[in-house]
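Listed next: structures, encoded as structure tokens.
Two complexes follow with chain A in common, the first pairing it with chain B and the second with chain C.
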Partner chain A sequence: MTSYADTRDVVGRPAAWWGMLILIASESTLFGCFIGSYYYLRFRSATWPPHGIPEPKLVVPLILLAVLLTTVVPMRLAAKAAATGRLAATRLFLALALVVQSGYFAYEVHDFSDQLHGFDITRDAYSSIYYTLLGADHAHVLLGVLFNVWLLGKLTRGFTRYRIHATRAIALYWYAVSVLTIVVYGVLLSARA
Partner chain B sequence: MTLRRLEILQWTGLLLGGLAFAAAHVVGYGITEAECNSAGLRWGISNDTWEVIALGVTAGLVVVSGLAAATVVVRTRETSYESPPPPGRVRFLAIAALAANLIFLIIIVLDALGSIVNVACRQG
Partner chain C sequence: MAIATPPNPAAAERMERLELIWESRPGILGWLTTTDHKRIGLLYFWTTLALFGAGGAEALLIRTQLAQPNQHVVSPQTFDELFTMHGITMIFFFIIPMTTGAFGNYLLPLLLGARDMAFPRMNALSYWIFLASAVFIYTSLFIGKAPDAGWFNYVPLASKKYDPGHNIDFYCLGIIFNSIASTLTAGQFIVTILKSRAPGMSLNRMPLFCYAMLAASFGLLFALPSLSADTIFLFLDRNVGTHFFDPSHGGSTLLWQHLFWIFGHPEVYILIVPAFGIATSIIPAFTQRRLVAFPLVAIAELLVVFIGFGVWAHHMYTVGMPTVSMVFFAAATAMVIIPSTIQVFAWCMSFVTGLPTFRTPLLFIAGFIFMFVTGGLTGIMFVAIPFDQQVTDTYFVIAHFHYIIFGAAVFPIFGGMYYWFPKVTGKLYFERPGQISFWLIFLGTNLLFFPMHIVGLLGMTRRVYTYPSGIGWTAYNLAETIGGFVTLGGILVLLGNLAVSYFRGPPSGPDPWRGPTLEWTTSSPPPEYDFAVIPRVTSAYPNWDPADREADRLKLADGVLMLERGHEQPEVTPVDGRLARVAHMPHESPWPAVLALALALLFTMLLIDRWGTAGIMGIVCLLALVGWHMQEPEEE
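Moving on to the complex of A and B:
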């Protein structure tokens, strides 16, 4: 085990972790504004969704959500493997998570495009906030996928303290994206109530 | 200055500005809602006066927050932000707080000016 992988003598989390936490906080604020807008519009509408727009689907989004949530496990295992200097295990868990995350994102892009054919984003306030909220969530999943691709590329050249900290920070990002997706899906599916 | 005091200043610098903006934004929204709805019409609420007061108080808090962060940055100039925690983390977050407080100050001014210049109660 290389010396830079052993962080047990260090007091506190690395700066990269804190930096990622700040990013998560700012993005959460953005989504807070979106969700506030969603309910502001909803409480001023007699019918929600408006007539002519179908209620959000239930089964497929929940299955996809479950698929995305399963990637929390390999990301957590990758962060732990990185903290203990196990390079091969870190790469394996990251690659496993990346495959599932990429598949999730690809399907969501297809589904998003499909829905746009059913009702356009400019149709009314509901469609505007619906696609904005859903699109923003998918954009954050894409960002996470790009993080993983970058990290796997870096790890082909082995560990450094920077890359180990980056693994922990990116795992934190994925925990936050998972929670965010739960919240976003909950908000959008609340239209069925 | 002890590390403990530097940590307190660092967290103050990082969080005070953001919290002040959030509070002012929510209060400003509430003032507008109160002024523009039927019950509030009899209360004589002046949106502009309240916004100016909120701007002064919030901007002052953001300046205090920025000064706290600046103090930490100056006091930790011998340390790199890439150093192990806690000194490295303290410097890193203080630098982030400097940038954040500048942004929050701009947001607060624009928020208040937008509310003051715009007509508060009209159909959207």
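Moving on to the complex of A and C:
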């Protein structure tokens, strides 16, 4: 087996990293449009959220957000371990991140359907944009979870240069999703102000 | 220069290995699984050409209906579908995929000195998704449910209440589907341009064509999400019951317009910037001089798209915005004049200070400059807000943007078809029919579009089904229709010329024009690996650097940078173009076509409200992706 020490890129980043950056740019712009629409609708409404809809909860989402953000650390460590060719460490950190991410996602799905019982997506413009923005964010978390599952599957059969680049790209995706989630929560919670 | 005769037996052996490694699978299966950027470019070319035929047929039906007053060639409903599909087709299914998908895919690696795109399988995926989205949206026309609310599809007309059929659902899903293909192409181009250049090609040595493609790709990448958000909202409004665009529940119809034009205005620059790129390729070849003001033109190409993101609301001067906003957008729009004019002067000065030979490609570029300036002048008129408010939704606007879109975006496509025909086929086209086709198209389009200015000022509104006689519109409309058919004649001469030349044309050799860029250094048609040795680049006009080409021949003799051990391609640093590593490229995969098919089924299920089946198709898509990534590039 060849040494993968050289994959810690002497010059420049691999194309896989750039490809992921492009995906992130595209998805962030989509979120930008959703958020722009959120404020466009908000500034045309007299009350926000409209009467009869509870204000978004504060404490629980913030705790959840904090839980999600902690997974940036193992993802970063996994990328570093992959770059230096430490297979066991990479798997361990990825698995650790995956457990927390899956737990977060499962709770959020449960919470999402709970909220739908309170006020439906078809109620008015607020509920439409609220659930679309939140749902889109959850979908991106799910994609991150699936990335991790796939990567762990790949890594059961050891490292290749391709998988090392994939680890790096998926870690980058996860950083971006974390930032997106902070922004989305910030936007949704701004309805309390 | 041609690399047909390798200089020694060792080199011949290495060339043989290259041939074997990069050889495509024969037959239909080879095309279905191909990841060769040239084959994908050709697939894009034929598909978009067919769709151009469809969009053109729709245009001629519209013109036939309007040729005389009080006609009923088609029914009003069909008329609505025709002008909607004409707009959608020409923008999303002809110009963008033709310039980026066909020209960009075929030429970018050749101009950059690369062997393939940065993500060859993703490139194939983009084509198959594009094809599926075209089939998807054209199915609507054949079952009589085509989108019918205009290409910008304003609500409330496009809402469920006023358009209850599946017509608009086809629009929403078809546009989202097509956007995926364009986004893949755009992302692919950006990474290819930044990472896959020949070592030594720093950004300041990159051909202007590639700057244009880079600008268009950035435009697509950041503009399309706005359209996707818009069409997602509309789809949800129509099929789930949300209220994004419903004022009675706190929604806003203007939200649609804002999101649409935030996409829509960069879009028109995305249409035209690749045409600038084609022009800046053809002008140096036929004036035999480096383009005047290279760095300014490169910056201007990027700047046009960048400014294009700040001008969208000039499409909305009549919807009732605050004056301050309108003046802001008028000022931003006026700024576009600066980069546009820089380019026009650079092109013109290259003609004046070079030695122009007006062969067909350069004629089309001269025609393009004329049309672009004419259309640009009416564009400047729209900056005057009161004038714009008077002519909004009249044929004056139609005249303006057809001068820009047909005159300035499609003319260079025709010029480029002639210019690169020898490279793609290895044959020369016939010059005289080429010149005839140019004059027919040039006169035809002016006859077609110029009278539209006048009827527009006389008050003829766009999308009107018919008009009464005796109000002074008849002669102009008849002239326009005649112009339309003359243009059709010119295009048929063009296609006929190229078709006959393909079979009967004299061989062109690798470099019939003494072209400036790297594609002319390899054989015609190029081999599957594009270049036998990764070429040496020390300027933006590498084919005019004989010392470097001599160096390539020596490298071939010594086997330097031939990379014949696998599907290998150099990756470079994004700015300086220093060699970073040798990447192993994937080669031939059935998964892109499979994934596109699964996506097509997913969109079909969404269309007919089978949410459960759609979810299953989504899982199939994910499984296809897993299958796709089972095949990893081989390691040395």
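The rule is simple: the second predicted complex is superposed on the first by the 186 of 193 C-alpha atoms of A that agree within 3 Å, B and C clash if a C-alpha of one lies under 4 Å from a C-alpha of the other, contacts with A are read in each partner's own complex, and residues count from 1 in each chain.
Here is the rule we use: a contact is a pair of C-beta atoms (placed from the backbone, for glycine too) under 8 Å apart; a residue touches a chain by one contact, two chains touch by 3 or more.
It should be emphasised that the depicted structure is a prediction, and the values quoted were computed from it without experimental measurement.
K.L.:
Between chain B and chain C, positioned on chain A by superposition, is the outcome a clash or a fit?
P.N.:
They clash: once the shared chain is superposed, the two partners overlap in space.
K.L.:
Looking at A:12, would you say it contacts chain B, chain C, both, or neither? Reply first, second, both or neither.
P.N.:
After superposing on A, A:12 lies in contact with both chain B and chain C.
K.L.:
Check the residue A:124 against both partner chains and state whether it touches chain B (first), chain C (second), both, or neither.
P.N.:
Second partner only, chain C.
K.L.:
What is the contact status of A:139 with respect to chain B (first) and chain C (second): first, second, both, or neither?
P.N.:
neither
K.L.:
For A:150 in the superposed arrangement: first (chain B), second (chain C), both or neither?
P.N.:
second
K.L.:
Quick one: classify A:22 as touching chain B (first), chain C (second), both or neither.
P.N.:
Both chain B and chain C are touched by A:22.
K.L.:
Between chain C and chain B, which one touches more residues of chain A when both complexes sit on the common chain A?
P.N.:
When the residues of chain A touched by each partner are counted, C comes out ahead.
K.L.:
Which of the two partners, first being chain B and second being chain C, lies in contact with A:116: first, second, both, or neither?
P.N.:
In the superposition, A:116 contacts neither chain B nor chain C.
K.L.:
May I ask you to decide whether A:106 touches chain B, chain C, both, or neither, giving the answer as first, second, both or neither?
P.N.:
neither
K.L.:
Looking at 6-14, 78-86 or 204-212, which bit of chain C clashes with chain B?
P.N.:
Given the superposition on chain A, chain C and chain B clash at 204-212.
K.L.:
Considering only the contact definition stated at the top, list the common interface residues of chain A for chain B and chain C.
P.N.:
10-12, 14-15, 18-19, 22
K.L.:
Using the touch definition up top, name the residues of chain B that touch chain A in the complex.
P.N.:
81-82, 84-86, 88-89, 92-93, 96, 100
K.L.:
Within their complex, state which residues of chain A touch chain B.
P.N.:
10-15, 18-19, 22
K.L.:
Along chain C, where are the residues that touch chain A in the complex?
P.N.:
118-119, 122, 183, 186-187, 190-191, 194-196, 221-222, 224-226, 228-230, 232-233, 236-237, 240-244, 246, 249-252, 255, 258-259, 262, 571-574, 578-581, 583-584, 622, 626, 629, 632-633, 635-636
K.L.:
Considering only the defined contacts, which chain A positions touch chain C in the complex?
P.N.:
Against chain C, chain A makes touches at 2, 9-12, 14-15, 18-19, 22-23, 25-27, 29-30, 32-34, 36-37, 40-41, 44-45, 50, 121-129, 132, 146, 150, 154, 160-163.
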